[in-house]
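Paired with chain B in one complex and with chain C in the other, chain A is shared by the two complexes that follow.
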Partner chain A sequence: MAGTIVADTLTHSTAGSLTTDYVVNGSSKVWAATEYSSGTPVISDSLSVSSVSDDDTGEMTFSLSSALSSANFSITTGPFGGTGAGNMTNITWFDRTTSAYSILTVDNGTREDRETCTTVMGDLA
Partner chain B sequence: MTPDFTGTHLWDRLCWAKENLEPHQSDYRVVYEDSIDECAKILVPDPNWMAAALQGGILPPVWVYWELAKDEAQPDFKKHTRGYLLHNTEPVGPMTEEEAIEYLIQKDVPQHVWQNWDEGNRPKMVICRKGQLPQTRVWRNAWRISDELAA
Partner chain C sequence: MSTIIADNLTGKTAAGNVTVTSEGGAATFQLQQGLAKAWVVYEFSSGITTFDSFSVSSMTDAGTGLATVNFTNSYGNAHYAMAGCSSGGTGNSLFNIIQNSGSSKTTSACPMLSKLMTDASTNGAPHDISAGDGEHLVFHGDLA
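And now, the complex of A and B:
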């Protein structure tokens, strides 16, 4: 493929060397940013996501284009929330397979629809 | 023009698509009922995925995902050993937006929904336009597919 560099090791002039395994295995394999438009979520940008399913209030499932090798991958979530005093938005993942993961958004103890950002770290199938 | 991606890792193909293709926000939505005890779910296509589907030469055939799902359903499943199906199977050609939605249904909607979507007393799945959905979130977790829909 044009533009491909094949290298097993990166070497800095003074700081030492790093095998490219660290780069390949340590980069995010999936990410998605969602927002709401006319009452339903849309993906504003992403990598390796095929769809988002609006499952319930505050509940979404992301389906992946390139599956992970096992379901033991790491999901990091971040909400877009208000900055007012006492405003506490919490996003948790509650289900995952090698090709999908589901998240729940709770704001002050109540399920709420919120803009979200999620990132997946893990090994690809 | 899509490069010849024969044997190229799917993730690399997706990275190429993201860098080179304009995202396409589809107006289509798929409303489906996974369980009678739950509210209707709404499938929203990803704009980068849709661009790759319309372009062609990037995504694997949908049966590849079914094969991996079969493997994962095995009780002793730990990790995929047939990931090469994603990468080495010849990619599918360009799709129309409607064909892409049909592909996406077969990939991301549970099989028990789309395989017999119009059997029984009422349809379990509807493809519609975004503007046909309720425009506010009021009573969201009570949304159901209307009984009056004609298949």
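And now, the complex of A and C:
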């Protein structure tokens, strides 16, 4: 049988104390790394992502395993690209609900299918 | 109010799985997977200057705008998620940081590329960014 500890503070012997709201609020609720296979985005590894859909060139939508409590969660991104001048990849989010978020990958001003990393911080329902 | 005094948290049923109840109480999530496994703040200044970090053993200067983050603890696979932000001023210059596709991302190191976008001639060129605190990175994924 698994045990449950109910506590407000965690104290390490040397590193100090942390109230557990930092653990609950400060943990990433979703993260995902994707790559493309035959023109379709696939999840390389993830937390709390049930699926990813191929919406258009450079566009994909992540469906979440657990819903967030509001759609005002934070999305941060990790683009992928090379050293050539003009080779500038950016990722922007353009839609989010409590159960999904959508991103667009642009390389030098043009939609492109690129590897992506995204991380979500927010409150679960 | 209660306090747990401990140096280690380990799951009872599975050592690597401590479950945390969500803010709203309707869900649970795995503590280990949600924690950032590494972060670092650095800039290019006579090589690379690291201002602060967590679980980063060293930074390697791999050329103009190129830095390799070497992790203290290796990941279980190379598909961990990186998120980053460059600092900069209010002028027309825009700095950006991306994962360098020209070098392999491994379980123990992640190649990064800093770029400067100012005009057509230098748009997206590798650049040793030293404005402000430079580059901010955070990594999520599964440790080995």
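Observations on the model:
One rule holds for everything that comes next: the second predicted complex is superposed on the first by the 115 of 125 C-alpha atoms of A that agree within 3 Å, B and C clash if a C-alpha of one lies under 4 Å from a C-alpha of the other, contacts with A are read in each partner's own complex, and residues count from 1 in each chain.
One rule holds in what follows: a contact is a pair of C-beta atoms (placed from the backbone, for glycine too) under 8 Å apart; a residue touches a chain by one contact, two chains touch by 3 or more.
None of the values given here were measured: they were computed from a predicted structure.
Set against each other, chain B and chain C touch different numbers of residues in chain A, with C touching more. By the touch criterion stated above, A:K29 is placed in contact with chain B and with chain C alike.
In the superposition on chain A, A:D45 contacts both chain B and chain C.
Once the two complexes are laid over each other on the shared chain, residue contacts for A:L124 go to chain B and to chain C alike. Contact with both chain B and chain C is seen for A:S69 once the two complexes are overlaid on the shared chain.
Of the two partner chains placed by the overlay, neither chain B nor chain C lies in contact with A:T105. By the touch criterion defined above, A:H12 lies against chain C but remains apart from chain B after alignment on the C-alpha atoms of chain A.
With the contact threshold set out at the top, residues 2, 29, 32, 45, 47-48, 66-67, 69, 124-125 of chain A are in contact with chain B in one structure and with chain C in the other.
Interface residues of chain C facing chain A in the complex, by the touch rule stated above, are 1-7, 9, 11-13, 19-24, 26-27, 29-31, 33-36, 65-66, 77, 79-85, 96, 98-102, 113, 115, 117, 121-126, 138, 140-142.
If you check the complex, the residues on chain A that touch chain C are 2-3, 5-14, 17, 23-25, 27-29, 31-33, 44-45, 47-48, 66-67, 69, 76-90, 108, 115, 117-119, 123-125.
By the touch rule above, chain B contacts chain A in their complex via residues 3, 5, 8-12, 14-15, 18, 23, 25, 29, 38-39, 41-49, 52, 59, 65, 68-69, 72, 78-80, 83, 86, 104, 107-108, 130-131, 133-137, 140-141.
For chain A in complex with chain B, the residues that touch the partner chain are 1-2, 29, 32, 36-43, 45-57, 61, 63, 65-67, 69-71, 97-100, 113, 124-125.
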